[in-house]
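In the two assemblies presented below, chain A is common to both, partnered first by chain B and then by chain C.
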Partner chain A sequence: MMLVSLVVLSSLLIPLTGNKYALYLSTKIWILVLYAIAFNVLFGYSGLLSFGHALFFSGSAYTLAILVTRLNFPLALGFVCGIVISALFSIAVGVLSLRHREIHFAMVTLAFSMLFWGIVMKWRDVTGGEDGITGVPRGLPLFWFYYFSLAVVVLSSYFIYRFVKSDLGLILEGIRENETRVQFSGHSILKYRLYAMLVSGTFTGVSGALWALLDRTVTPTISHWTFSAVPVIVTLIGGPQNFLGPAVSTLIYVIVQDIITKYTLYWQFIFGVAILAVVLFFRGGVMGIVENYIDSLMKGGR
Partner chain B sequence: MRIFETQNLSRYFDGVKAVDGVSLSFESERITALIGPNGAGKTTFINLCTGLLKPNSGRIFYNNNDITNLPPHKRVLMGISRTFQISNIFPGLTVSQNIKIPLLSGGKGALDELDRLISMFGFEKKADLLASELSHGDQRLLEIAMSLATKPKILFLDEPTAGINPAEKHKILDVIESLKEDEKLTIVIVEHDMDVVFRIAERIVVMNRGKILADGSPDEIRDDEKVREVYLKGVEI
Partner chain C sequence: MELQAIAFQLIIGLATAMLYWIVSSGLTFTFGVTRILNFAHGAFYMLGAYFTLTFFEVLHNYVVALFLGALCVGLVGALCERTLISQIYHLPIHFQLVLTFGLILIFEDLVRMVWGSVPKMISAQFVGSIPLFGKTLPMFSLYIILAGIAIALLMYLMLSKTYWGLQIRAITSNPEMAMCCGLNPTFLYATAFMFGAFLAGLGGGLTLPISSAAPGMGENIIIYAFIVTVIGGLGSIKGAFISALIIGAVESLGALFVPWLAIALPYIALSAVLLLKPEGIFGEA
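And now, the complex of A and B:
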């Protein structure tokens, strides 16, 4: 907890450096941190691998962009509407997918996100097709937008933290551990999974709306399935069983990607190797390694 | 008072009649033992009663309500609870979390029961251990505690003492007997151990090949020729 406050406090200083690129990149990291933490509500805490979170991310980003640029909605209203749309999407997808398990669930979520990607690509009049939508206002200078994003991400993450540590979160962990016993504890599996889906999808929508404002454009990239893979990858690297695992590895992911792309276009290759190493040798991910290290330090100290 | 009843209940697996037209009823606050050779259909019968399986035909009534098509969690909320043949707990959660999850289905105030259940089963010092760290016997006890947390009126126990050492077995039997007295529970227990059966059962139902072979008091079952033939042959009772 102290470490988290330290990181958040020190990141308050980033805008003061005056480096615009660093500021942009840090904002992006915060947004992706929320994306990963929201995704992990389903994956780490409920045992459901969604391969379609780009739907909730881009659903909100596109809604915001369309409402604000085409229909002249006020920015704040567009922001809220984007998130509401993600919440509705998550309920709809949840109702239709949550009866399935494991790979089937992943495939159904993937199918819905690909459907949305198809619409985004083809419905040019509204979505701009491959070109996307440009000219989304940010409403704030980047300097202040950074603080806005930071506040939204920290508050959202805190809410998610409270959610997964609540009684409801305990039941979700129970479902992950032993579905049958949860049923025989008098709980409807479907109902609790739907709650998880709603929280996960809605906060993914929050990150998507922030993204649209940061980039001031939305393109089909964020609705493509490869964008659904981003939180899957960072969560696997960071460790799904740790609340901050996905956050820590998002930081690593964005920075390493930024550095590698300076030298080679094949950054995915490097990441592929990293994922293999983590999945094969460090099941707990980066945070698992850190926890083990701290454990061994404590034992050594005795 | 009749609390639970099945009418002509049948369930087939690949043409095999696991449960074949079973009509049974259970009186409240009594302990009934369900016995029979392996494959007699005892566990399938319990799975049908508690909703883990759907019957191919027949009906199930609880307090005169037809519950044949209700999903398990709704039956639990009505007061039907169970344990499983193989310990069915949350191994990666703590003992108190294990008990808390079923308690949460009871709505506001249900959590007040947590401490009572923990001390009733002697888990005070083990409350923060992971369930996977408990001994096999304690895991079985934990599962009974979990099944009680939903405040059942009828409790189905599927071989609660299977694979347990004698000391722990007595502990479990004491708990089961106290449940009937203190919690006014109706208990249906599947059991292979005849010592257990004749110690706690007030009524014994013998199943064989999916059908009911005999149904009566322990004394009647002990003297039943048919039962001796298929099941108790060679077993000293």
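And now, the complex of A and C:
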């Protein structure tokens, strides 16, 4: 907790450096941190692997962009509508997919997000097709937008934290560990999973809306399934059993990507090799390594 | 006239169906035997296109290039299985998906390093068209239909008429028992993976006459392969064939009657099947 407040407090200072690129990059990091944390409600805490979170992310980003640029909605209203759409999407997809488990759940969520991608690509008049939508206003200068994003991300993460540590979150973890037992104790599995889906999808929508404002553009890239893979991989690298795991590895992911792309075009290759290394050798992820290290320090001290 | 249009559209749909079938046959086969859902199947598809392209440039014989290309992909698949996939058979599904996703990233960049980022095409093959029902059917459609049927036959013969096929079926239906009878799982899983990769490579090479080879080409086709595989029942080869036919028919008739809905139809078919029969048409519960 100490460490978290320290990171948040020190990140308050970033805009004061006056470096525009650093400011942009750190806003992006905060947004992706929320994306990963929201995703992990479903994956780490409920044991459901969604391969379609780009749907909720781009659903809200596109709603915001369409309402504001094409229908002249006020920015704040567009922001809220985007998040509401993500919430509705998550309920709809949840109802259709939550009866499935493991691989089938992953495939169904993947299929629905790709359906949305298909619509985005084809419905040119509204979504701009492959070119996307440009000219989304940000409403605030980047300097203040950074603080706005930071506040939204920290508050959202705090809410998610309270959610997964509540009784409800405990039941979700129970379902992950042993479905039958939880069912015997009188809880409706489907209902609790739907709650998890709703929280996860809605906050993914929050991050998507922020993304549209930061980039001032939305493109189909954020609705393609490869964008759904980002939180999956980031979470696995960070360690899904730790609330902050996804956040830590998002930080690593964006910064390393930024550094590598300066030196080589082939950052995907290096990233792929890193994924193989994590899956083959460090299955607990970064936080797993840190925890092991702390454990060994404690034992050594005794 | 109307009936002719429908019949023509169904033939076009059959060609689409056969393309989906070719791509998903290897995916569902590999899953059936090894229980690995291979995201990198799309990458193997892409590799198949590039290998075929290069062999064609050297040999100027499309059919030979196609087989050599697919064979090389098969070898790449076997290599991946031996070094990486074999390490993760016992791990939960998400590790498998993520590891094979990592393979996609690696292969895509390797392709960019070797062949460059610009899409590449081979000089015209199977051009021309034949008249049918008052319209013209591209030769390519005819050729992909024949190729699909040939692959179905090849799989049938490999699995039911060879000793290898017998062993594969044994280890699929009961791994412990098969091992007790002295079958070698290492060899069988590696060759099964190799065969799946071979089929993916064949698919990539087969599409070369109409579409160019590009680094991202596997990423979209793999989604259709997943849809077909899930509808048919994961691991069921017969199911994949039939669900490819369904998707092909739904898509082509949809394009005729409800063009504005056409892109959503495969997904609607998927949700309908999964709501009625979650394990797929021929899947085990």
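Quick notes on this structure:
What we mean here is this: the second predicted complex is superposed on the first by the 302 of 302 C-alpha atoms of A that agree within 3 Å, B and C clash if a C-alpha of one lies under 4 Å from a C-alpha of the other, contacts with A are read in each partner's own complex, and residues count from 1 in each chain.
Just so it is clear, a residue touches a chain if its C-beta (ideal position, glycine included) is under 8 Å from a C-beta of that chain, and two chains touch if they have at least 3 such contacts.
Nothing here was measured: the structure is a model prediction, and the numbers come from that model.
When the two complexes are overlaid on their common chain A, residue A:Val256 makes contact with neither chain B nor chain C. Using the contact criterion defined above for the overlaid structures, shared-chain residue A:Asp167 touches chain B, although it does not reach chain C.
Taking chain B and chain C in turn and counting the residues of chain A each one touches, the greater count comes from C. When both complexes are overlaid on chain A, the residue A:Leu194 reaches neither chain B nor chain C.
Contacts of A:Val8 after superposition: neither chain B nor chain C is touched. In the superposition on chain A, A:Phe184 contacts chain B only, with no contact to chain C.
In the overlay built on the shared chain, the residue A:Phe51 is in contact with chain C alone; chain B does not reach it.
When the shared chain is aligned, chain C comes close enough to touch A:Val108, but chain B does not.
Note for the complex: chain A touches chain B at residues 167, 170-171, 173-174, 177-178, 180-189.
Listed in rising order, the residues of chain C touching chain A in the complex are 37, 84, 87-88, 91, 93-95, 97-99, 101-106, 108-110, 112-113, 219, 223, 226-227, 230, 234, 263-264, 267, 270-271, 274-275, 278-279.
Residue ranges on chain B touching chain A, taken from their complex, read 50, 52, 71-73, 76-77, 81-82, 84, 88-93, 97, 100-102, 104-106, 146-147, 149-150. Residues of chain A touching chain C in their complex: 43, 49, 51, 96, 99-100, 102-104, 106-108, 110-112, 114-115, 118-119, 122, 224-226, 229, 232-233, 236, 265-266, 268-269, 271-276, 279-280, 283.
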